Amino acid sequence: MKPLAPRHRTSARTLLATGLITSLALVSGCAKSEDDTADKDKGSASQSEQGQVVASPSTGSGPTCSIDAYGAEKIDLKSATVGFSQSEKEANPFRIAETASIKAEADKQGVKLLTANAQSQFSKQISDVQDLIAKGADLLVIAPLNSDGWEPVLRSASAKHIPIITIDRKINATACKDYVSFIGSDFVEQGKRAADQMIESTGGKGEIAILLGAAGNNVTTERTKGFEDRIKEKAPGLKIVFKQTGEFAREKGQSVTENLIQSKPGITGIYAENDEMGLGAVNALKGAGKKPGAVKIVTIDGTRNAVQGIVDGWIDGVVESNPRFGPLAFQTLDTFTKGEKVSQDIVIQDSAYTKDNAKSDLGKAY
Amino acid sequence: MLSVNGLSKSFPGVKALSSVDFTARAGEVHALIGENGAGKSTLIKVLTGVYQPDEGEVTYDGAPVRFATPLQAQHAGISTIYQEVNLVPLMSVARNLFLGREPRGRLGLIDFRSMHRQAEAALRDLGLRVDVRRPLRELGVGAQQMVALARAVSVDARVVVMDEPTSSLEPREVRTLFGVIRMLRERGIAVIYVSHRLDELYEICDAVTVLRDGKVVHTGRIAELERLRLVALMLGREIADVRQEGLTKFAGGHDTEAEPVLEAQELTVRHQLHDVSVSVRPGEVVGLGGLLGSGRSETAKAIAGALPTDSGRVVVAGVRVRTGSTPAAIRAGISLLPEDRKAEGIVPGLSVRENIALAALPGLSRFGLVDEARIDRIVETFMERLRIKAASPQQKVGELSGGNQQKVLLARWLAMQPKVLLLDEPTRGIDVGAKAEVQKLIDELADDGLGVLLISSDPEELIEGSDRVIVLKDGAVVEELTGDAVTEDRLMRAIATAPAVTATATGEGTGPGGHDD
Amino acid sequence: MTDLTLGRVTADRERLLALLQEYGVYLGVVVLFLVNTVFTPHFLSTENFRTQAVQVAPVLIVALGMALAIGSEGVDLAVGSVMALSTSLLSLYLGYGPGIAVVVALVGGAVVGVANGSLIAFVGVQPIVATLALMVAGRGLALVLLPQLKDVHDPAMAELGSGDALGVPYVVLIAAALALLVGFVVRRTTFGRSLLAIGDSRPAARLAGLPVRRVLILVYVCSGVLAAVAGVLATARLTASDPSSLGNLMELSAITAVVVGGTPLSGGRIRIGGTVAGAVLIQLLTTTLIKHDLPPSWTQIAQAVVIVLAVYAARERGKR
């Protein structure tokens, strides 16, 4: 005998269930979180942010691109509409700062900005960009989720001669034909600089561990490559004895480090490929009763929490991966639309935080 | 047209069909009947290619054939219409009609206009006027069945198998269906018609084949077969053999003057029960007779709250019980031993002990905690009293024999100290020794003052065990046998009665429906 | 003669297999423990046991709720999202003090449980579908409430996460207490007994008059609350609320622990001891591979192997 729940009662229960969820959402209205005021301070502090600085001069070395070569028409940036497609949810400091920077710069320049967020779904990003084009974007700034699969978008953009700038990740296409230029960090270089910091902090001797990022991610492989190459080259005394993934997450970084410091109590340093895993490692060291500085930690990204970690003495160095693409992106667009040449590959100059500048530059961290 | 010779089919431990001969002729409606387990469905499944015969051969159109899959049988022109319509509810009526063989236009696309036109024509032929663009599920069950039938006919079927096609139809829809069947017959299509409704069989069928225990016990023109004889054949009781049993040992032994402990009044469940009233006095065993599908199990389930009723009342010891709620019925003192012991009765993975204590669990706990000592006492008492043979109370019920499983279920209900016991086929599928034990137990329980409602397909058991027998047919009470009338002969006559006679008995006849208030 | 010996051999093999299914998970734990004792430096230390126990606690707590759901012939895929939701709520309400914040977080878990249970018991949605819906919705809601990682500075929460009583971390004490409690509920309460009967044969339980719907709802409420507890403890340990990554793939770890622990997916039986051992087994396995610095892909492969073995065992159980 099949269950025969009377229909009307059923729908009433469903309603009740949905109602409960909705009320749960409403409940958050009267929420009171721990440090509401501190958040506001933070907000105002980040107004003092600084834009990026180009590592390689924009028209110096390397291939360049001009509006004639690209086949677009000159327009005045001030009267143009710029479309921005973000790849991931603004749920981590990097993405938040990146989007905020683009928006702030558009405001400052008085440019009309259309934005879209792909929520980590590549198919959504493709349709996002097509939407932006349909809505009348004259110029596009894209933070790509993937490097491949952009043909449909590039085709519709080139049909309308819309210049595209990609930021933070590259797309696999021909520069100055399919897109104008790429602005981003050099992840291998970031790894190398982290290695330099590690060598300095440890004196070039001892055993070190790497907390890898998520597997199969180009950021992970490049940051690892740069670090390992530089260590091998400059400090043969430093031995990498441990390499495990912390999946770019604080919790995973913490649990992996807990295991690490038990099986290898003599570990000298930990290189975390992002700040979150580094902060997890700090948690683990605290839990194990270690003193600040007993294990040298070097991380990459430059979030406020990590820089605070330097001030507190737990972290030795943070290599910045600057998310503030706004000023440079708009400057590049401006130069390009005026008809001048821009570089196809614009590598930005990431700064670094050490014990010397952490306190003073805390406001610069995102 | 389609026939089988010397067909045998076995499943592990069961011989489902043995040396069956069966012939469906063109332009003939052939009734295929038999009680549960007689082999009807196995035979149909062999004919339609679901099963392969172990022995014997299938001849179609004069040549031996072997259908490896149902699809092959379908392509050869054998269509089956099941009780449950097997179409796609979300697709339009027309799509359903032409599923898999849609008319194609240029470019290989479906030519919807031509499809809709053809679909309308095909349904009009069957006397059905519906918008063929609407999704199938918006149609009534009867209309859906018509669509299934139209599909069967339009694929140029030459044999149509109908498995209980009227079980969920309104009387008006039954009329239409019969019209269609007659039309099929005129077109020279062979129809195999499976049903338990005798009146329908006599109305629409030309020939009949009766199966029992996997064997053909009769085949011939239906007009030449008396109703009573047909029932006797199905139940396996030769009329001449029917002993004039007279009274059972209970008759007169119980106080028939006592107020009924159970009164079920005018229970109605759409398509299943129509105004069924049953009353049971304390210490009385009341039998529920009738063929498979007559509403016996449904009556028991409706009383026990396991089948929601559309109308009707259940009163236990003068107190009205909420229908449609098993817990309410149990609280009132009604216990049901379900027909399907393995699926609905025992909890196979739990121990004998847990199974016995299951229904009584809420009563055997304090603050949600189980009172283990009391459970042990109850389990011990009933294992001894019912002579349950298990290695220990901790043994899994699934490992016990059928008879012992049944006793465990009886123990579960007796632990509730019920006022009324509803026993649905309590001795089916258990060995002879255990059967006698269970029957003896039923006697004892009635002697202890319980009201018992006994359902059995075995006429002997029903007659021997019951003080009174209520005979059901097509979901309605057709006769109540009391006193000297409780005999197998009377039982079978009641089952076989033509509707004209029963009309006076129930005031309603067998016309189903019309009670949905 | 040969037939006879052959018969005995297969019988022995079957008994061995049955034993392995019954106690295989404990054997696995013992073997891994011994292997580590011999091959892993500094394995036999209080500190290490403490770390392992603390790390396994959240998975274990979630697995306890999962065991109830699986025992009722269902599954709760929403547990990971409930953890995220509870960490969001915790962070949002911490302003009222840790006590109230924890209560709100647990209520959040219970509400998701009620939603799951209602969908399953009243609407008749299959557990895997119903909880999948709440899995997506729960994570989404968690991120709406708290879009990004937020530090927790409350000292009481920090103490909960890393403090201890008599050398045993609170987190571990709570997990152990909950394991005992759930074990007791399953064995000794009417709820536990009804739950098993419903998991084994729902029609029989319904006809026996058991309150099937009420029990099912309660099962998912328990699972939701336990997941919320795990979320709170994980937050306390991390001293941060991270709804975007907390509890990711937790449902898979929990199901693995339950299944490896010998609870059949077909319902009707719950092994709490086995579930604890299952969670410990997976923890030890991961730890062993991390401590020996084997490539991360190995961890995934090893987990896959354990799951395949468990499913194989479950299949054997199903045949009997």
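Assorted remarks:
Order of writing sets the chain letters: A, B and C. Residues in each chain are counted from 1.
Here is the rule we go by: a contact is a pair of C-beta atoms (placed from the backbone, for glycine too) under 8 Å apart; a residue touches a chain by one contact, two chains touch by 3 or more.
None of the values given here were measured: they were computed from a predicted structure.
Here the largest set of C-beta contact pairs joins the chains A-C.
Centrality by C-alpha centroid: the chain sitting nearest the overall protein C-alpha mean is C.
Per-chain CA centroids place chain B at a distance of 44 Å from chain C. Between the Cα centres of chain A and chain C there is a gap of 33 Å.
If you average the Cα atoms of chain A and of chain B, the two centres end up 68 Å apart. Counting partners per residue, chain C has 203, 206 as the residues that reach two or more other chains.
Shown for chain A are the residues that touch two or more other chains, namely 1. Counting only residues that touch two or more partner chains, chain B has 306, 344.
The part of chain C that touches chain B in the complex is made up of residues 188-191, 193-194, 196-197, 200-201, 203-211, 268-269. Of all residues in chain B, those touching chain C in their complex are 304, 306, 326-327, 329-331, 336, 338, 343-350, 354, 357-359, 361-362, 364-365, 368-370, 372, 412. On chain A, the positions that touch chain C within their shared complex are 1, 3, 5, 9-10, 13-14, 16-18, 20-21, 24-25, 27-28, 31-36, 89-93, 96, 212, 215, 241-245, 247, 249-252, 254-256, 258-260, 262-265, 276, 279-280, 283, 286-288, 305.
Residues 40-43, 45, 47-48, 51, 54-55, 89, 91-96, 104, 108, 111-112, 114-115, 118-119, 122-124, 137, 141, 143-145, 147-154, 162, 203, 206, 234, 237-240, 242, 244-246, 248, 287, 290-291, 293, 295-297 of chain C are the ones touching chain A in the complex.
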